[in-house]
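Provided herewith is a single structure, encoded as structure tokens, for subsequent inquiry.
Going in written order, the chains are labelled A, B, C and D, and every chain counts its residues from 1.
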Amino acid sequence: MAFDKFSDKCAVAGVYGNHEAANLVYLCLYALQHRGQQGTGMAVYDGKKINSYKSFGLVADVYNKKRLKKLPGKLAIGHNRYPTDGNYSPGNIQPIVAELPIGQIAVAYNGNFMNTYKIREELMKDGAIFSTETDLEPFLHLISRRLKSTDINTAIIESVKELSGAFAIVVVVEDSLIGIRDPNGVKPLALGKMKDAYVLVSETVALDLIGAKFVREIEPGEMIIIDATGIRSVYPFDKGFKPAPCVFEHVYFARPDSFLYGQDVYDVRKSFGKILAREAPVDADIVIPVPDSGITATIGYAEESGIQFQMGLIRNHYVGRTFIEPSQSIRDFGVKVKLNPVKSIINGKRVIVVDDSIVRGTTSKKIVHMLRDAGATEVHVRVSSPPTKNPCYYGIDTPSRKELISNTHTDEEIRKFIGADSLSFLSLEGMISVLASDDYCTACFTGKYPIDPTLLKRDDI
Amino acid sequence: MAFDKFSDKCAVAGVYGNHEAANLVYLCLYALQHRGQQGTGMAVYDGKKINSYKSFGLVADVYNKKRLKKLPGKLAIGHNRYPTDGNYSPGNIQPIVAELPIGQIAVAYNGNFMNTYKIREELMKDGAIFSTETDLEPFLHLISRRLKSTDINTAIIESVKELSGAFAIVVVVEDSLIGIRDPNGVKPLALGKMKDAYVLVSETVALDLIGAKFVREIEPGEMIIIDATGIRSVYPFDKGFKPAPCVFEHVYFARPDSFLYGQDVYDVRKSFGKILAREAPVDADIVIPVPDSGITATIGYAEESGIQFQMGLIRNHYVGRTFIEPSQSIRDFGVKVKLNPVKSIINGKRVIVVDDSIVRGTTSKKIVHMLRDAGATEVHVRVSSPPTKNPCYYGIDTPSRKELISNTHTDEEIRKFIGADSLSFLSLEGMISVLASDDYCTACFTGKYPIDPTLLKRDDI
Amino acid sequence: MAFDKFSDKCAVAGVYGNHEAANLVYLCLYALQHRGQQGTGMAVYDGKKINSYKSFGLVADVYNKKRLKKLPGKLAIGHNRYPTDGNYSPGNIQPIVAELPIGQIAVAYNGNFMNTYKIREELMKDGAIFSTETDLEPFLHLISRRLKSTDINTAIIESVKELSGAFAIVVVVEDSLIGIRDPNGVKPLALGKMKDAYVLVSETVALDLIGAKFVREIEPGEMIIIDATGIRSVYPFDKGFKPAPCVFEHVYFARPDSFLYGQDVYDVRKSFGKILAREAPVDADIVIPVPDSGITATIGYAEESGIQFQMGLIRNHYVGRTFIEPSQSIRDFGVKVKLNPVKSIINGKRVIVVDDSIVRGTTSKKIVHMLRDAGATEVHVRVSSPPTKNPCYYGIDTPSRKELISNTHTDEEIRKFIGADSLSFLSLEGMISVLASDDYCTACFTGKYPIDPTLLKRDDI
Amino acid sequence: MAFDKFSDKCAVAGVYGNHEAANLVYLCLYALQHRGQQGTGMAVYDGKKINSYKSFGLVADVYNKKRLKKLPGKLAIGHNRYPTDGNYSPGNIQPIVAELPIGQIAVAYNGNFMNTYKIREELMKDGAIFSTETDLEPFLHLISRRLKSTDINTAIIESVKELSGAFAIVVVVEDSLIGIRDPNGVKPLALGKMKDAYVLVSETVALDLIGAKFVREIEPGEMIIIDATGIRSVYPFDKGFKPAPCVFEHVYFARPDSFLYGQDVYDVRKSFGKILAREAPVDADIVIPVPDSGITATIGYAEESGIQFQMGLIRNHYVGRTFIEPSQSIRDFGVKVKLNPVKSIINGKRVIVVDDSIVRGTTSKKIVHMLRDAGATEVHVRVSSPPTKNPCYYGIDTPSRKELISNTHTDEEIRKFIGADSLSFLSLEGMISVLASDDYCTACFTGKYPIDPTLLKRDDI
């Protein structure tokens, strides 16, 4: 009963130089819970070996005092995993720990390595075996093979160059913490500082929780190495990659209190709402968000339009995995277990409802219906991003191209389908006008993929 | 790590006349989850006997398809229990099922029977045994003893008259569903209809989820009997009781999308914010809520004052039971795991922050501190209810009188303690002016208790 | 996949006067595990109140150090429960703890109160309520009602007189441990001493484990009261009850290392085998037991006959609850998961196989078949008790009368059914000749019930 | 609270050609539970891929209908793991599944690869990574590397040649089931047939349970390949290896109903008892076993000596992992929770007690003591194997050399330590005289190791 949204696939975190590294990584992962709820894992170097713990479940449930005590050390990385169906093998939860000739290594990443199929094949031809399905295993093989002739940092640098895709990697090896961001910078990765300790996180909200100071974002294509000698950067990738950070982080994935790609998410998202109000005004009594992701843009819409902001839909915060509907089915049940309209606010009003995106359109349809049931005389849907017409191949869980309603239907057809009086999306230009740079990946809206999707050997591309 | 709030203790629900009664009660309890998260139970009459299931945990976790299938029947009641420390005996989760000469009975309630200590003592002198610590057991004894000479409905009527306190009771006995509201009407209870079925619930939001139509609230002192012959009411209690519904339901307990004591909670709560803006204006750049409970009043404050509404504090929705803080303690940790300020919104601004109530003041202090850390140049705290100076004895979990900061400190002292630039509470008159009636229990603000607290044999009263 | 046996229903234990009472009761219950494997519970008086813990599962799994620590005190009782289908309500696990005007009471029993149905009815007419299905609750009501006019010991004495049936009761109340054995002495109960502490147990093996000295068996109809003033006995029941201890304890229920009704079980059981050898000799090469319950009688048979004793069937000690048979069914699967023949011992031999009893005959049939498959040239079945023709109504789980193969078939018909070359049961006279007294309950063999079964309001009697 | 025994470390099973292969392997593993109780795993080839399930726990608890249904296919292998302390990582439970260029492979083994340390080191130097601690991973690497230039069977043949040690391996790869026994044949492996299906098992008892026919034992050094073309054998190892099956299988490890190294275990074990009676006669009233492992030898001793066999010690069958002893410690507690003497049998008797082996002597001491407490006038200990003076390095859990009481003490010193009136061990010659061959590994008795223990890079050799 997931909402009709794109879903991010992971979060990473790493801490160097604090003797409670596990505890800090745990708090970072907790703050990044919105990026992955299926499972979580941590690997901590105690000066001699790497201890790790992984499990399915939420961060606040998986870890406890006793478990964190068994993960001593000043150097740790962690990972949250997004719930994709099917693969419930605990072996696939990250970080992955392996033994190299120089000692143990632990690795975790957010994103998608797009050419590992090929690398895997070549390695197997050369005698490698694979014991998990994670795409990290080929990466580790590449590193290990290079260790015959070079040191670990060079081995990592040369190996990561072979990877195509969108990724933010964190590594623990030989008393150092390493962070790597893909050459297009599709996936975010930020650096923080907390006294003498360094912290790497997918989003800055994690720094806020532990009281770490935000230092800067890791640059596209940068590999940062943090060890006893300090902090230094190398740039493993060839020149010629254009920055292409994921614009959908600003639309929906990131928390509004994060700072991303040089801008505050709250500000960007509110400005999306303002531009939307200018591009698609409509005479109405109130403007309400689809909570919680639509709130910030709605505030912008209200400010710009002068129309009253109201919390016309109340979100249920105790949503569990599945709900048992009676056999005499309840109208709009799937949405009702998550949202309930405030009748006294809606009744007799012309309502604008603001959502951040429409994927399949099914949820929007139920929301419009529910608002009319609550007495809305008009329902105008405003979407604070352009129509999502294309799937993402960079580690985001999107439906197939055919299931994306904007791919197969005109805006007017969608309006009819969801039963709204009017429907407008933010324009691409409007969206970009808010951003500090136009070097964004906008493939889900425009189909312009910065990394060739056909690298994935998949039938549906 | 509970927030600094009063806590409601329970929710009840009952369904008569739908062959999926268990499923409907389950959905009602889910919608009422905010009123009790420790445990939940259900008792369903299958035409011959009452089957029940109870467990600690959230509604969405406790029940599943398999368990609901084992609870067939058209007549069911259910209960959510609030997490009070200590008493983790599953025998104390409601509903309580017992065997009477006329067959089985199941009972659940929200509230507090204040004189059961005395009744218990008298019953034991008369040879009764008690196998649980719930206050429902004395009530069942009273009923059972009367059955020697009278029918079940009369026995219930006469027994409930012996109970003093604040309560909403639901009963399943002999193919009938009974609902009873205390003579002062302190606790809420509402009636809904869904085709041929009747539904009793603590709050109307439960009716919304299952698509039932709200019929009316049960009156103070009313006992409603729903059976094959239809629906009828009796009034067991003596005249002379004055209505005294709990005003804190409007302040904080009830969901904003509920309808309560003849008014929409959202409207009342927003009006609290408007009056507050009138009573305690302040020159500021933005007004932000302590989410989620403060949102509605903040919208009112913003509307009335014309000051920009912003979501300056973002709530973490994955809060678990306990958090492990590193030994080098993190500033404002207890609040940070729940709330994070949006720096770009707060920084350099004069901020009004609206909360629904202040109990001990500890959380408010951390919030003010956190906002200043985020760059607020001024922080003005506005509370959308009067100072809470007195404990509640009617089934609400409040700290002792001495722990209530407004009992021991002046507003100015509290302001200093929490570090705000200014602090104002809604006035009692302002609060009452919004309400449709002035017959409310306002004891937590005024100390005027409609039911004598000394009935409780407790040392601290 | 239970074996074809009668099943005992419970064990009780009690300790007075040792500050590790819970730990000692736990070990007693562990030694009595063979008398009940569904669940176990314990109630311990800490000088002020009774703390208890109950759960489904084996003794070694249910209790642990942490749980025992939460049960401090010098006075404790405990109970093991036999797995009867269906009633999995934890409220029905004993001991039952209740509150009386004089304080708390905890009670557990082994056996069957046969007239509680009637007592329950009368109590309910008089206004009592029942919150569990255990037969102990009516007993507690009787006690409580008497407390209006008398002290606790008198109340127990007068209440227990009202109970008909077979029972061994242990009680904790007001700093005393009480043990009561039914007036016919159907159920066993023994007294032990361990330094200053007294111990009550269903079987003496429990005394062996904790190193307590066996003092004596509680007499039929005796109520023993152990408190600070020492140990004393009263005899609540009317004269005229004839002793009738359960002979099946010697046949199968009790462990062979127990001492029961004035005799060592091992000796009695071995003598059963000897008499059987005299009554039903047969020319054969080896005599083997159905392990483990048939071992002792087989040793007797071998000694008397001079035929070689062999362990021709090996028992699997890791038997779990259910086994998944392939759809192409395996011959004698149900028995094979428990027993495997030793081919080198069986092959080419004339085999006598000794079992303690035959209930439905289905297991015997499979064993005979399995032995023939292993190469036995002849299979002679010898049963070390008379044919079981009648159900037990005294707290033993027996199939209905019609399912008892000896009730509906002659010995010759049974021989044919199980496929043996010969079949003989121990004669009633032979059995009794071994026992120190002929005042035994032999109802399952003879139909002579010492307590009227029709007291039970059941259709099948 | 393990008994004072050597412990076997594993069992393997494999099925080819039955569409309920998982179910059959499950039953085989259940019958082999005595060879490993820590965990169990299974890998089943469904024609396209290998599905697997592993978990800590007993076979009867780990698998259920639902889980077996998720393991479809006609080709399966399984494994039971012995509980060694410490390594509770689920990744180390077998079978191990890996991906090779030719597809997936699953492997499990019983025994010890003694030179994998060295192989591991070399492979890592060559760029391999290791993600588990099992010794199977190096084996898989060896295979994978060879696949560059040859087919899978040749790769396995050449790789297994590189392994030194004692092992029985089962493999699923490319629609074939492979079994390999080490060149000395230290570990057992047997072949069975069930209609068209073939079965490989560590012990023949597993064949009995599923109704498979025993075909033959796999020979030392034999690699058997079962696939669609039938069954064929290859012999990968160099000539010059001498057979050296583990004699301790006959002494203690194997179930008495198994057939092993050409002989019935029951017969061998009983003959050990007979020879012992001849070698070390003593005048006594009864001879009793330490159950269950001592029963068969005791029967032999009784037959040969003419002294009465009795079950003088009763074993508790509900033994759990740990027991909580009261702080006032109980005499012989550690043994009492497992064994209880039958006083009526022991009292006033001269007792011979037969055990299969003495490792540390601590349990024997308690048993002797317990028998004297039960009234034995004399206690004579007879051991049905020679003194165990040397540790095993072939996958058996033995204490260090210094902890083996027979290594550091004379028989007379041991007799004094355990407090027996006399003590005798079976002679080496006596033991060998019973066996069909003298090509056995008797290293634990003689110190003559057929495989060089120093291959293990361990300090204690």
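What we mean here is this: a residue touches a chain if its C-beta (ideal position, glycine included) is under 8 Å from a C-beta of that chain, and two chains touch if they have at least 3 such contacts.
Remember, it's a predicted structure, so these values are computed and weren't measured experimentally.
**Student:** From chain B, what is the lowest number of touch steps before chain D is reached?
**Tutor:** Contact-graph shortest path, chain B to chain D, evaluates to 2.
**Student:** In contact with chain A and with chain B at once: which chains are those? Just list them.
**Tutor:** none
**Student:** Rounded to the nearest whole Å, what is the centre-to-centre distance of chain B and chain C, using the mean of the C-alpha atoms as each centre?
**Tutor:** Spacing between the chain centres: roughly 51 Å.
**Student:** Round to the nearest whole Å and give the separation of the Cα centres of chain A and chain C.
**Tutor:** That gives a centre separation of 62 Å.
**Student:** Please tell me the distance, in whole Å, between the geometric centres of chain C and chain D computed from their C-alpha atoms.
**Tutor:** Chain C and chain D have C-alpha centres separated by 36 Å.
**Student:** Pull out every residue in chain A that's touching 2 or more other chains.
**Tutor:** Where chain A is concerned, no single residue meets two or more other chains.
**Student:** Chain pairs that touch, all of them, please.
**Tutor:** Touch list across chains, by label: A-B, A-D, B-C, C-D.
**Student:** Can you check the complex and tell me which residues of chain D touch chain C?
**Tutor:** Residues of chain D touching chain C: 18, 20, 23-24, 26-27, 30-31, 33-34, 37, 58-61, 63-65, 68, 205, 208-211, 255-257, 259, 264, 266-267, 292, 295-296, 299, 302-303, 308-311, 314, 316-328, 330-331, 336-337, 340-345.
**Student:** If you look only at chain B, which of its residues touch chain C in the complex?
**Tutor:** Touching chain C: residues 90-91, 96-101, 121, 124-132, 137, 140-141, 143-148 of chain B.
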